[in-house]
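Multiple structures are listed underneath, in structure tokens.
Consider the two complexes below, in which subunit A is the common component and subunit B and subunit C are the respective partners.
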Partner chain A sequence: MALPPYASTGQRVWHYTFRVICGLIFFFLIAPIVVVIPLSFNSQDFFTFTKEMLSFDPAGYSLKHYRDFFGNPDWQDALWNSVKIAPAATLLSVSLGTLAAIGLSQPHVPARRAIMATLISPMIVPLIISAAGMYFFYSRIGLAGTYWGVVLAHAALGIPFVIITVTATLVGFDRSLTRAAANMGADPVTTFFRVQMPLILPGVISGALFAFITSFDEVVVVIFVGSAKQQTLPWQMFTGLREQISPTILAVATILVVISIALLTTVELLRRRSERLRGMSPG
Partner chain B sequence: MSDMTDTGGPVLAADGTPLKRSLARALRRQKLRALMLIAPLLLFILISFILPVADMLYRSVQNGIVSETLPRTVVALADWDADSGDLPEEAVYAAMAADLKDAAAAKTHTKVGTRLNYENPGISSVFRKTGRKAKKFDIENDGPWKEALIDLNKGWGDPDLWRTIQTYSPPVTAGYFLNAVDMRVGPDGPEARPESEQIYMNLLGRTLWMSLTITVCCILLAYPVAWILANLPMRQANMLMILVLLPFWTSLLVRTSAWKILLQQQGVINDILVWIGLVDDSARLVIINNQFGTIVAMTHILLPFMILPMYSVMQTIPPTYLRAAKSLGATDWTAFWRVYFPQTIPGIGAGSILVFILAIGYYITPALVGGTKGTFISNQIAFHISSSLNWGLASALGAILLAVVLVLYWAYDKIVGIDNVKLG
Partner chain C sequence: MAETASDDGFVVFDRVQKSYDGETLVVKDLNLSVAKGEFLTMLGPSGSGKTTCLMMLAGFETATHGDIRLGGQPINNIPPHKRGIGMVFQNYALFPHMTIAENLAFPLEVRKIGKSDREAKIKRALDMVEMGDFGGRRPAQLSGGQQQRIALARALVFEPELVLMDEPLGALDKQLREKMQFEITHLAHNLGITTVYVTHDQTEALTMSDNVAVFDDGRIQQLAPPDLLYEKPENSFVAQFIGENNTLEGVVTEISGDTCVVRLDDGEELDATPINVSNVGDRTTVSIRPERVEYNKERLQKGAHTLKAEVLEFIYMGDIFRTRLRVAGNDEFIIKTRNAPDVERLKPGQQIEIGWLPQDCRALDA
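For the complex of A and B:
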């Protein structure tokens, strides 16, 4: 990648132009997210930088939008609903998903491709179709507008992510380890919890984080399947953006960005740890 | 195989069964165990996801309401020849009066009116107005019903109304699908709707065209980024990778609201343009609530899905190939275009199909930044489910969208393989 000393002027010019282009694309990727953060400390109800903010006058900044978020019962209820729904959905999709991923990674699975395609389909089918179908079907069986209806729907949406991450981890799993455990007298359950689980844990955790964020961010399905009682944070944001757009949304957005940074860091650390472990394990 | 043993019989396993059978049994048990592990999840997905989608697809052809609400009329009308141009006979009118009386008592007459109104505007009011009086009908003595009904509402004297009822009396109909492709059942079978009523094919075309534009924008922006990530030293590449992964992990609504704020007329982008002097304060650009807004916001949102597969392909291409090409006399451009680019095509293909699949089903972003001109077919489906309550049409539109997506999904599976989907 480094420029060789014999590069011609044209090559030099292109080399730096290319870097500038890449810089601009990275800027395009990250700027919209970063811009939200300072705007959320605006002391005015504007969505743009005021003169005070640009001159770094402390009077231009305030925490009023955060106070509104933490003081307003609508937002607090929404936050509370999100916090109640996402972990339940995650638990459901991770427990079923991990089991199925282990089954799928066995050497002889009949109709493996078809099963895999079915299990990944919630990720591919447009959300509006899933939402419409679930709305019709769940109202028929009395699940629409209930907490468990939303949890079931979100768990289904999270499953593809669990399957993908856990099967990817299992590719590097050394099967002779389970055989060795069985050889030394461990029953399958012990083998699973004491030998296999600790080794694939990084994959399971990142799958869980994906499932969590899927449920935590999801709007379309919850709007259709849920009722006002299950109004989640993204739903509240969606209504806020659609009807009267209030700057409190900026504070919520900043908090969500901070949460995603935390999740991203965790997943990256886990991925590196898993790669390191895989490098050390024989085979 | 068995010629090594003295007996010449089949090879036996430790418990005395033939080895072949013993192995087959072990394999069968292994398969069964794998399936047992998968079964709970498969069942769960089937109930919570596949069945609901199938249920929705069934709604797109389901049409029981006409024959359930007007059972007698449907039977009496079966022999009527719609092409004759004559009105049906007295028996049909009497059957209709009796059906209407029951329907009005059960308050279902407006529903069937609404259903038929989708196909022939105006029927709804005929049913509603007649239904108000229908409860007091005395079927035995108020006849003849032909005159009585036409007296109540001129609509009953229109053969077209009867044709619509006859056409939509079977329990299964293609009407919603025809409606979804801007057609209707006319006197001579399916025909195109008048130009002014054609909306859905335009909308589908726009959805496909805009998704394609978004995909192309993503390819153009992702290629340089993926290249630089794949060719920088590990440490720097990992730092830059965070800039790609952070948007990927950030809530969709946060990104959409960021664009909504940036693109407003009083927003940051317009402010900067005015401040630089590129745009006059009185002529701020309208870059939101139109197609441009949707394309920009969705390109930003879907870009990581293009960068990641491209990056994972480019990582596997040894940089020595380019150096070899150049040392053999290729110019920079020839080396790139003839040697490097062809090897990256699998990455471009994988990313493009993924981005395209995700883009055509988008709902939230177009709803928030698309205005009226930048919305997708998903938005129309949502409108029919929650506002106009024409669930059959919504389902038919959904079925068409689903068909497009499934074809692409199948192509993705053939070209890339679902097992190779990578996340982060």
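For the complex of A and C:
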């Protein structure tokens, strides 16, 4: 946005200050992630830039930490655990969260706000408190240290994201569409899958993405609720930091960042494509 | 007044009441019978209960009390998707993620109608609304008028015997609306389907319907064919709501058979037909249509009472002259005169005498 010719000195000063502030915020957010990427190609076992790296000497770079990640059974087990847990937790979050959002968008449901607040609380309550609570509760009912325990715990963390994104799409959802479907003879289940679901799909997908990343990134709850058998990637990274201090963590971090970016891009492209197909936004 | 519902109607509302909050009744004691093939319009101001009645018939609202019958069967306990009623929604409610053809296929697919049969029906329905070439488009690519046609085709494609329409023309411009009024009426009559149409537009109600039910305050104020509704309103609400209307207030001083004399509040007397006044001394609102007022004495009945009037405003409207008068203290008394060579053009300030045939002047409830 260009400054208008009549801008006062104060407005001019603010105009540039504002840009500097924005730049600083972006730097603060992105720098730690960007720094990790070149460091992961370090040929030494250090967390700092070596002289060779700074002078762009090819000898200063190597893929050894990536080889370590793919060759080390500890890391491979952790990866496998994450891949087993995250999709299951996502599926559970999406199914339950979508249903909850639809139910809570009906005006006749009593105590909607209270129910909504309860369901969203895992997002607000400090994670360590949720984790401790889940640990005690799951121990009592024999879920602590099991695969399903971790899946359930992660689903509980993912549900708020799904509820929020799906509720947001439901705000724009025209209820006369479901009425029209019923009027034409479709039972409620058919109406849901053929009319409502396709139209709120963008919200469901965004929610699923958030739920997936929540589970894939999560370390506190899994340490409390899981056992060695459910050691996920973030957990392994956490132990790695404390016990081994190996730059393999940086390689893993880079891989995770790349996966996240790829995931977000794919989903966004898919969403745009489906919206265009549905004629909901101008092509 | 509401007529008692007879049992032989195709659609019957029998002593139906509806309350949303358990205290105030939105629909109070509704009795209505719609014959097979009839085009009935529910007309009324917003909040009069007409849309609630339509929603109860469609099954989206439940009646608090009373029975709704369709083809002799009570339908209170039948969910909307099993009622087999077609409906055109106010905002059309076309599925945005489906093509036009898929929209029309939807009611047929849920009825498990075979593919070839389905395609034939869709083609017929689209041709019926002259949208045959639009099957592959999406709703967002159509104009409002085209979407309206598709909504109509979709409501008719599964051949329901009853079609409901909830202010379907509200979003269209005037010209298109008039064209669609005509088309919908023709389609409904040609197909022989029973139609229940909701609108707050009285012109729409008058031009389209076999019968009009005028709603106010949760009751049917009058149920009659359009001409009777306009010419013989049974109470002051209907007289006011349908068309333009002049009112004067007074007291009944004489009743003899089907004529009465009303003394207005300023002492002048006029002749009227008693409608829902029965006793001498009753307060009454007399109602007279602007085009039935005469100021040419030769056209008045001999011995008819006349009123003095002062011309306040004369508006030339092309086909008619619209004149505003002060009559018995009422500054908003309107008369309409057809533009003809022999008609006198009145001037503001002019004093005239006006009168009417007693049968055109109706003494209604106060």
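Definition applied: the second predicted complex is superposed on the first by the 246 of 283 C-alpha atoms of A that agree within 3 Å, B and C clash if a C-alpha of one lies under 4 Å from a C-alpha of the other, contacts with A are read in each partner's own complex, and residues count from 1 in each chain.
Just so it is clear, a contact is a pair of C-beta atoms (placed from the backbone, for glycine too) under 8 Å apart; a residue touches a chain by one contact, two chains touch by 3 or more.
No experiment lies behind these values; they were computed from the predicted model shown.
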Side-by-side fit of subunit B and subunit C on subunit A, or clash: clash
When both partners are placed on the shared chain, which of subunit B and subunit C touches more of subunit A: B
Subunit B versus subunit C as contact partner of A:Ser227, first or second or both or neither: neither
Partner chain in contact with A:Pro122 - subunit B first, subunit C second, else both or neither: first
First (subunit B), second (subunit C), both or neither touched by A:Ala181: second
Subunit B versus subunit C as contact partner of A:Phe49, first or second or both or neither: first
Subunit B versus subunit C as contact partner of A:Thr17, first or second or both or neither: neither
First, second, both or neither for A:Val195, with subunit B first and subunit C second: second
Where subunit A meets both subunit C and subunit B, residue numbers: none
Residues of subunit A that touch subunit B when the two form their complex: 1, 11, 14, 18-19, 21-22, 25-26, 28-30, 32-33, 35-36, 39, 46-49, 92, 96-97, 99-100, 102-104, 106-110, 113, 115-122, 124-130, 132-138, 140, 152-153, 155-156, 159, 161, 164-165, 167-168, 206, 210, 213, 216-217, 219-220, 224, 234, 237-238, 241-242, 245, 249-250, 253, 256-257, 260-261, 263-264, 267-268, 271
List of subunit B residues in touch with subunit A within their complex: 27, 30-31, 33-38, 40-42, 44-45, 48-56, 59, 221, 224-225, 228, 231-233, 240, 242-247, 249-262, 264, 266-268, 271, 300, 303-304, 332, 357, 360-364, 367-368, 378, 381-382, 385-386, 391, 394-395, 398, 401-402, 405, 409, 413, 418-419, 421-424
Footprint of subunit A on subunit C - complex, ascending: 58-60, 79-87, 89-91, 93-97, 106-107, 110-111, 138-141, 154, 158
Complex contacts: residues of subunit A adjacent to subunit C: 174, 176-177, 179-188, 190-191, 194-195, 198-199, 278-280
